[in-house]
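Think of it as A, B, C and D in the order they're written, each chain with its own count starting at 1.
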Amino acid sequence: MNYKDIREECCEANIALPRTGLVDLTFGNVSVLDAAAGVFAIKPSGVDYAALKPEDMVIVDLEGQTVAGELRFSSDTPTHRCLFLAFAEHGVRSIVHTHSRKAVAFAQAAIEIPCLGTTHCDYFNGPVPVTRDMTAAEVQGAYEWETGNVIVERFAELNPMEIAAVLVRNHGPFAWGVSGAKAVETAQALEIVADMALHSLSLNPTVCPAPNYLREKHFFRKHGAGAYYGQK
Amino acid sequence: MNYKDIREECCEANIALPRTGLVDLTFGNVSVLDAAAGVFAIKPSGVDYAALKPEDMVIVDLEGQTVAGELRFSSDTPTHRCLFLAFAEHGVRSIVHTHSRKAVAFAQAAIEIPCLGTTHCDYFNGPVPVTRDMTAAEVQGAYEWETGNVIVERFAELNPMEIAAVLVRNHGPFAWGVSGAKAVETAQALEIVADMALHSLSLNPTVCPAPNYLREKHFFRKHGAGAYYGQK
Amino acid sequence: MNYKDIREECCEANIALPRTGLVDLTFGNVSVLDAAAGVFAIKPSGVDYAALKPEDMVIVDLEGQTVAGELRFSSDTPTHRCLFLAFAEHGVRSIVHTHSRKAVAFAQAAIEIPCLGTTHCDYFNGPVPVTRDMTAAEVQGAYEWETGNVIVERFAELNPMEIAAVLVRNHGPFAWGVSGAKAVETAQALEIVADMALHSLSLNPTVCPAPNYLREKHFFRKHGAGAYYGQK
Amino acid sequence: MNYKDIREECCEANIALPRTGLVDLTFGNVSVLDAAAGVFAIKPSGVDYAALKPEDMVIVDLEGQTVAGELRFSSDTPTHRCLFLAFAEHGVRSIVHTHSRKAVAFAQAAIEIPCLGTTHCDYFNGPVPVTRDMTAAEVQGAYEWETGNVIVERFAELNPMEIAAVLVRNHGPFAWGVSGAKAVETAQALEIVADMALHSLSLNPTVCPAPNYLREKHFFRKHGAGAYYGQK
């Protein structure tokens, strides 16, 4: 097996990152899961996006072992693996991690991104949450794996297909979706709504979220059985 | 009839949106009215701007029925239709909807864009207003049509040719004009003045609007019988 | 006489405006003086920068009459003329007007741009001042000429070669210099220092200006007889 | 000797500056040291980046004398020289000076860039410090040399390889590294973390720094003997 499909989908999604403006230097990576094969493709660590080819993607199994690929996998690989183990059953097939600047600003301020308008509601059915502080033991132990754990813990009562992103405190965003392209689009939408929210909060620090009925109208206009946005 | 003229004008104006920086992803659409024929052309829903061709534009009549075109029309079509029914008599021939970021920031904060300087006065003869909150019944009913209604309600005592834009609360801007090109230009000017106002308010939260005599001087220097800006 | 030299210098400087990011839509114009001939070249009103050719520049004398050129001159022409009459004796040969966004933010907030650091000191030997409110009579009378007058009034005790820019209240910046290229560079520097000051003030609203000795060191390192910046 | 290697490394790093968006106009310069030869290459003063060629780099010895090159060296050369004398023993081979806007905003506000998240920790093992005010005597004396001295003074108890940048008060950033490319990358990272911190502070003016254990985990994940980021 050479995992051609997930290598290509993963490579294309990684290459899209700098074009979207989400990624400075090499601060971002995308993974794509083949659930049937029990493996995922992920960006190699610290390699420039411009040079990436499908064969550079590292294939990792759900126990965290490299099963194909010459390069060292992204140092964030255990976080991706932890999220696939928890979220794949909800339909998550791709995970994107970036340090996109406005989303990071919220993560650093430990403030969730409030749902202030329909741009947000079109993508996220509620505020984008922030994880709790990680303990010294978690950071000094299996840090990247524990990063996944605090995300999963934060989603105990959230549906990852309705809130398809999170802010890791003092770190930055992870977003996900049913494909590499969708996960990247969600990461873009996240940065856009963070930017808009930052300015709304600057204009009005006590601004109220959009009403629940507006949020649900917009979210379900684009997602689920009753969606009527886009072409059939 | 194939509505070639409005298809081309509408397609060109839609294609202009990403070039202006007003539109992220697919968050925007333009319509163009043929008042004599009682129809308007509008962007199809969820289609990338790069791929748009005049024949993709959907032709819709003023009762909201598709009269030509293979694709599903933009989900915002009822809002455009409602505005044409109310504003066409004032000379409005084209409507632009975007989620341009600074204008959205004001819409989400429920703060009108104050008229702080001549850039604003050159385009808008007063502050750019915000609509009222929509009720649950309006949102859960004919939502996009009701969005048009709250705009029209807000303009009960405003001239849509003097204030050629509005901010829909918790949503974003609509702008309009006598042509696709003019409506897009007005949407650009709206975003620019929102950006400037955001920073002026950050510098001085109690900043005063420009004097009325300055506002009128600039607006009528560019609009109406006494205009002397541009070439004859 | 066909004023070839000032037409070319003026055209080139106008064309530079959108490339610098200082100008949105058609919000900006440059003029260049031929003091010996008693005329200046200026951009025609409301014409796109991309289409400008040297022969489109309008040649205007110091009484305000068009002496050559087919097009209508910029509506801001009387302001430029007023400034040449007052400042040419100090060496001003070119004037740039833009609505560059951060400088406009200060003009709208009626706050001078404080001299906070060496980027500012390299170009301006003190804060960039704001003009007073114009009266209704001034605005309703010879508005553009009176705009020049309030600038000249503000410079009663300032040297226009040491402070080569001004913010017209509720309007935006004018900058100037010994050539079209220098005036455009000063307009760029103005926008840059406005941007930096905006963020410094956001971080620390009671920030102090740079010490006078630092300001003078930097200004005179680049200007005047003792300058030692750049090549000989 | 023609110092071909440091000329090329220095030229390439200077040319990279405008491409990174760190530099407006000609506000920036890079130097590269050849420690064995006791000389460094540096950008000539006030020359456009687009036109730079390796042979334009000025070669200066550690006493400050030009030993090769036709052009006048950057006016900031004595600052670079002072830093090489103090920091070369720690492994610093290249120094970058820019007026990148967000870093300047902190320098002008006299506020250090706090270590708020992992983007910062990946590059700097602590806050990026601000130098003290320079005295009138320092500014009016050997100004650029004294600028280096206040930086060295600020690093009395800091390791320049763990904190590879500084903000000179009322001025702007210097960054450094083991090569021209690394120093430029650090200058980029500095501007990025300044941008993120500015927005985090706007959201939450009393935001806390990242915990020490998180900072150290990230810094030493990328630097030193235990690093596991990137390819072997």
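Here is the rule we go by: a residue touches a chain if its C-beta (ideal position, glycine included) is under 8 Å from a C-beta of that chain, and two chains touch if they have at least 3 such contacts.
Values in this document were obtained by computation on a predicted structure and should not be read as measured data.
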Item to check | Chains touching both subunit C and subunit D, listed by label | outcome: none
Checklist entry - Starting at subunit A, how many touch steps does it take at minimum to reach subunit C? => result 2
Checklist entry - Looking at subunit A with subunit D, do both copies bring the same residues to the contact (over half shared) or different ones? => result different
Checklist entry - Expressed in ° and rounded to a multiple of 5, what is the rotation angle of the C-alpha superposition of subunit B on subunit C? => result 90
Checklist entry - If you average the Cα atoms of subunit A and of subunit B to get two centres, how far apart are those centres in Å? => result 33
Next on the checklist: Between subunit B and subunit D, what distance separates the C-alpha centroids? Give it in angstrom.
Outcome noted: 47
Item to check | Shared interface positions of subunit D, touching two or more other chains | outcome: 201-202
Checklist entry - Inside the complex, what are the residues of subunit D that reach subunit A? => result 116-119, 185, 188-189, 192, 195-197, 199-204, 207, 210-211, 213-214, 217, 221, 228-232
Next on the checklist: Using the touch definition from the top, list the residues of subunit B that touch subunit A in their complex.
Outcome noted: 24-25, 27, 44-47, 71-72, 75, 99, 101-102, 104-111, 133-134, 136, 139-140, 143, 170-172, 198, 201-202
